[in-house]
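Labels for the chains are A, B, C, D, E and F, by order of writing; each one numbers its residues from 1.
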Amino acid sequence: MTKPRFDTILITGAAGRLGTELRRGLAPLARKLRLTDRTEIADLQPNEEATVADLADFDAMRKLCEGVDAIVHFGGAPNERPWAEILDSNIRGSYHIYESARQAGVRRVVYASSVHAIGYHRLEDHIDANDPHRPDSLYGLSKCFVEDLGRLYWDKFGIESAMLRIFSSFPEPADRRMLWSWLSFDDCVRLVTAALTAPRVGFTVSFGMSDNAVKPVDNRLAGHLGYRPQDNTERFREAMEERTPTPKPDAPAVRTLGGWFVDLGHPDDEE
Amino acid sequence: MTKPRFDTILITGAAGRLGTELRRGLAPLARKLRLTDRTEIADLQPNEEATVADLADFDAMRKLCEGVDAIVHFGGAPNERPWAEILDSNIRGSYHIYESARQAGVRRVVYASSVHAIGYHRLEDHIDANDPHRPDSLYGLSKCFVEDLGRLYWDKFGIESAMLRIFSSFPEPADRRMLWSWLSFDDCVRLVTAALTAPRVGFTVSFGMSDNAVKPVDNRLAGHLGYRPQDNTERFREAMEERTPTPKPDAPAVRTLGGWFVDLGHPDDEE
Amino acid sequence: MTKPRFDTILITGAAGRLGTELRRGLAPLARKLRLTDRTEIADLQPNEEATVADLADFDAMRKLCEGVDAIVHFGGAPNERPWAEILDSNIRGSYHIYESARQAGVRRVVYASSVHAIGYHRLEDHIDANDPHRPDSLYGLSKCFVEDLGRLYWDKFGIESAMLRIFSSFPEPADRRMLWSWLSFDDCVRLVTAALTAPRVGFTVSFGMSDNAVKPVDNRLAGHLGYRPQDNTERFREAMEERTPTPKPDAPAVRTLGGWFVDLGHPDDEE
Amino acid sequence: MTKPRFDTILITGAAGRLGTELRRGLAPLARKLRLTDRTEIADLQPNEEATVADLADFDAMRKLCEGVDAIVHFGGAPNERPWAEILDSNIRGSYHIYESARQAGVRRVVYASSVHAIGYHRLEDHIDANDPHRPDSLYGLSKCFVEDLGRLYWDKFGIESAMLRIFSSFPEPADRRMLWSWLSFDDCVRLVTAALTAPRVGFTVSFGMSDNAVKPVDNRLAGHLGYRPQDNTERFREAMEERTPTPKPDAPAVRTLGGWFVDLGHPDDEE
Amino acid sequence: MTKPRFDTILITGAAGRLGTELRRGLAPLARKLRLTDRTEIADLQPNEEATVADLADFDAMRKLCEGVDAIVHFGGAPNERPWAEILDSNIRGSYHIYESARQAGVRRVVYASSVHAIGYHRLEDHIDANDPHRPDSLYGLSKCFVEDLGRLYWDKFGIESAMLRIFSSFPEPADRRMLWSWLSFDDCVRLVTAALTAPRVGFTVSFGMSDNAVKPVDNRLAGHLGYRPQDNTERFREAMEERTPTPKPDAPAVRTLGGWFVDLGHPDDEE
Amino acid sequence: MTKPRFDTILITGAAGRLGTELRRGLAPLARKLRLTDRTEIADLQPNEEATVADLADFDAMRKLCEGVDAIVHFGGAPNERPWAEILDSNIRGSYHIYESARQAGVRRVVYASSVHAIGYHRLEDHIDANDPHRPDSLYGLSKCFVEDLGRLYWDKFGIESAMLRIFSSFPEPADRRMLWSWLSFDDCVRLVTAALTAPRVGFTVSFGMSDNAVKPVDNRLAGHLGYRPQDNTERFREAMEERTPTPKPDAPAVRTLGGWFVDLGHPDDEE
């Protein structure tokens, strides 16, 4: 049997929807998966070790990064949240991860960025990874921050970062928009695996989608990651289109990459 | 059985070469196909209704657009013609379609634009949909006009348009140039179908070719249409190359996208 | 005294606001100015000859182009008008000019295109001459048509065209928008002169503005015309800002190049 | 005497080097300048009112933004500082400004961003405002954050932002690098004035330099601000070159836009 | 049986690693393959004729080009060599080929250019064929020279050239870098065949790689050649990664297209 | 009096038209000018030392580069010449200069490249320094070679190069084309001075023209050199246009940057 490529990979957000998939999918890559989340992680496997901790707790993060070969940073608030939470979980929390990586000598971080970092761009803009940020929410804003943080830590400290702008990763497309924005769990694992094993990552931004027919962004600038999606949404199309109404062409879910996030108000406003 | 996506689609030029293919190919998309052409339309099917009318007749067009969900505008002179005919059929005729669409509340138009709108660009330029018009004929000039007309009706009146720059859609490649410019009838139907069903069209220009090996244009800016060609010309290559001479590298049929149209003189000149 | 560069220049629209300025400004360039307009032209000078004629009358245009060295085509409807008039004056009329030029052997045309050919682009887009058309009116649409017509006549028949997208050419800025869109009459004459005398025009699109502080477009692609504006609106700024309210940032007059044209409805709609 | 354009402008960081210049320079624009800083503001003028407050104090900021027409946000740590201070002053502090602006209905913010948001780009890259962030420090990272914050508040809430990436604004060039990076105080005032009075700002990024001979960035995308620098460093060149050694071509001060900031280590490391 | 497309193709460097593959692979394309190399060519086939000659010998080259339909120029030093040899074999030698082609009336040349013509570009730059040369060696510099030579002979004398920037063409990947840079022998034959038979080559630069997962360059500008790679390195990946250490992200073999060539010193330096 | 910036500058081609101007113009920059040319250099000044030598003689060049701070390489054939001479003077000769610079530790080279390295681009292409080479002659081809040579010596050996693509540097415009292509002697000295004294050159390509009204190229990518032309051809225009005929728009002198060079045949052809 082949020796795994890594000794220890740290996965943050390991109790989450994607974290759970990554535990399964990344298992062959490392002798040990070190898992962490704010909540208890179920069904620990022999190749896993788990710690309940908060990203906002620097000392805990610093300790978790010790002896780690690579970090798969999928932790933090996974959705629009009040500013205080975004600030703590996503901004301060991610800073703690990067700064811990630096202090602990970790060389590569794979980060769950999001389509919401660029949510106000339109489908017909066909942006690539060099186009400017256009966050659609405080959540998206925090993703922009972490991308820039990774850029700094690469330029200044030589820590590689793959910023995976995940569109919609669910068991299957949950609405019409996901017919183009869907990232299957298997493709998600493929993308993270590519980012972990690519010969050179430096600072790379990649759009995370399956090979769906409708292609609203240009992913060529991440070509050196070697990610090859193998799923698409065609098998879900007919049923989805049957049970949901055709949206207006100016509905955010068809106009902007970020979909209905662009219509969210400020999370701290009282309803 | 699934309910068709549209109630009524209007097809102009329905008696033409491509119109005939579209009648067959688009049938599953709509409860009813409303057909029109200058000449009689043969073999009407139960799902079809037909009207003989001239595009230059605004009132007729206005009436045909009533109650229509989408227009597939493939009518007009399909080739270089004298100015008077281009003006009447293609320029005035297409204006009548768009203005009727506006008055009748139709929300999407799929138009048979043409490679001849950009015929003077060269293969090695690898233009994309944002490159400037370079018509190669009065025919191509009228296609440019309709593209701009559609742009105006989208920006000002919110009517979506897919401008399909069809290269060479024939039963099979008829000359060497079509080894790269061919659009199979099935791919033509796929392209129109994608344009009718894409979640967001706005104003989109797409190059209409099959998946031929030689690729002289960059179609990424139409990626949101979701068109996936499935045919190519490889099976015709050997026979075609055997029975036709190798062209000079500066022959228009290999140098420019428009092929021999660039060598046409003015259609009103006496020979 | 130096010999004028041209023998005869034809000016269409010679009775109009800009036509009148051009009569004065272009006088030194030609031995004779041949003028035409739909209405009587006042105060004929010894170096001028005038003909009242309609652009829609091909034979009249054909005759006017005989023996001409260059055409300064400023005729046609200068504003949004009903479709029938746009079609006749601007589309058919300009075709008559180009086709007459071809038949008569005229080698260069300088055309009064307009900002309204690209009126839906925003100031912050900083478009250049290769960006796509985005007409804001039927008037703008006709300008797009003539630009493409000139492109065809250059590529196919070798007739050079300078397409001058005039922004706002008035005696002085008439509203706030003109603080950035103004083209002084003197700069207008400079621009037409440059277009007439540049060593190589081929097919060139140039934005027609004075050297105003606010610069919303990128004119470098017309650098080979040698146009150097010498006026600007600074001396009008204070008074204008005092007597007019600050517009909202989304008012069309500050958002789009075309200004309030983007808010016009269809000219044929009854009010 | 003309009525000032604004009733009240809020200036943050008003006790700082640039804040002091802005008090003088912006006085003619507003009936009243509302000033704030962490430290006492000296020499209050009749047109000024001042409040000592910390950007990290949301309630104080919220109150200061009440009734304000525009905000000139020059407050926060002006240099590389420990993470805790960057987080509080620049990240949280600027969020407080934007969120207060939203709640108070302020429509335009002019922000002192910095070359350090893009410090790792090289002079020969000639970046423009759409090129990606490349912060060179935690300080620069916070500037990136505020730019993205402003982008969000424009796209979602319609608050305009001019992000002025100030290079080196000092009484005169203090080292060789400033021969190209210098922004004179007068040009700084011109730039802020342009940003406050431009007809349309939307979300605009502008590089803040005087008209120095060496031009390492492309500022055309801010052309709609109407900023025209009038100073340059030529009069300082000879003396500066005489008293300072010629740097190596790979010294950060000549290689990167950020200069010696790229050589700074992490501010929290013990020396 | 079909008539071969060409009568005679000249292959230079026919005794080399790739020359040998091309003898086999191009046989069906021509009635006769004329082979030349500095060394004896083994195993001559009935469809082949061979001449031992030096590229530096103009008269010999001139004679070999007589009566030839196309030249596949794979001769010259295949690696970094002292200046004197590079100058003679690659610079003077290739000039002899082009000048002989001109004198003999040959219309198309397919040249083995190299990744080392652009070796200092990084993988994450994703350059295309229009990006500037960045040679990584005297060898690479000579490839740049021949590309420019071909450009001249196309623009001035109408001789078409396909410049194939071959990455790593070996029986199988020989090191980790070749997991992305490999060009299988079969794909190499496909690429040369495409370049020989494409309808229009003009002057075309194409990157020569198989369809490997990691894609560090953008080959769309050669789309008109019709090259479709069919091999990739996935089947070699696991074994290769097992037996070789993971490189540092700044090792030249993962950072730059040219790999370890960028670390070579000057070939004439004494070690 | 100020100390000159350099101790010793080597000027090659010092007896030539531009070399003579540079002796005068660069005198203030260095304590000593070391001059070399194939022919005797007249009127030696106290600050000058001169050596007659051939660029093809490596040992002579190696010796001349000893102890030099910067090289202004204006030597070699200044015009289209037979291949043997181009090869010896321009290709081998320039290699000798760069290799001597490397061995002698010289850190910066300023090279007289030429418009003829890009002569086939058209005026309306408005190329910038990153557009591909398109030589119009063997002479131009050798300029391309030296540009690539300099690129290699910068990337590999850290020797800076400014490649000045001089258009037409003569006492005054000698033909109509020079109305746009002229570089006054004073501006030539300004450009070389800027290239010698710029804080960072790295590898820079700059177009060498005066500030003429007609601008056919985009020089922004050399903005970090700090070159500011102060002359233009307006004062020569009227007389020149009077005494020379208006060229056809397709004459090479108005169509291509290289002018009549594009119409030259091969220099080795017998006439």
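Just so it is clear, a residue touches a chain if its C-beta (ideal position, glycine included) is under 8 Å from a C-beta of that chain, and two chains touch if they have at least 3 such contacts.
For reference, the UniProt names are A, B, C, D, E, F = Uronate dehydrogenase.
Please read these numbers as outputs of a predicted model, since none were measured by experiment.
Asker: Shared touching chains for subunit A (Uronate dehydrogenase) and subunit F (Uronate dehydrogenase)?
Answerer: Touches both subunit A (Uronate dehydrogenase) and subunit F (Uronate dehydrogenase): D, E.
Asker: Calculate how many whole Å lie between the centre of subunit D (Uronate dehydrogenase) and the centre of subunit F (Uronate dehydrogenase), each centre taken as the average of the chain's C-alpha atoms.
Answerer: 41
Asker: Distance between subunit E (Uronate dehydrogenase) and subunit F (Uronate dehydrogenase) based on Cα centroids, please, to the nearest Å.
Answerer: Centre separation, subunit E (Uronate dehydrogenase) to subunit F (Uronate dehydrogenase): 32 Å.
Asker: Two or more other chains in contact with one residue: find those residues in subunit A (Uronate dehydrogenase).
Answerer: If we look for residues of subunit A (Uronate dehydrogenase) contacting two or more partner chains, we find none.
Asker: Please give all chain pairs that are in touch with each other.
Answerer: A-B, A-D, A-E, B-C, B-E, C-D, C-F, D-F, E-F
Asker: Which stretch or stretches of subunit B (Uronate dehydrogenase) touch subunit A (Uronate dehydrogenase) in the complex?
Answerer: 2-3, 5, 107-108, 158, 160, 194, 197-204, 220-221, 223-228
Asker: With touch defined as at the start, can you tell me which subunit A (Uronate dehydrogenase) residues reach subunit B (Uronate dehydrogenase) in the complex?
Answerer: Subunit A (Uronate dehydrogenase) reaches subunit B (Uronate dehydrogenase) through residues 122-124, 126, 176-177, 179-180, 212-216, 218, 238, 241-242, 246-247, 249-250, 253-255.
Asker: State the interface residues of subunit B (Uronate dehydrogenase) toward subunit C (Uronate dehydrogenase) in the complex, per the touch definition above.
Answerer: Residue positions touching the partner: 83, 87, 91-92, 95, 99, 102, 120, 130-138, 140-141, 144-145, 148-149, 151-152, 155-157, 262, 266, 268.
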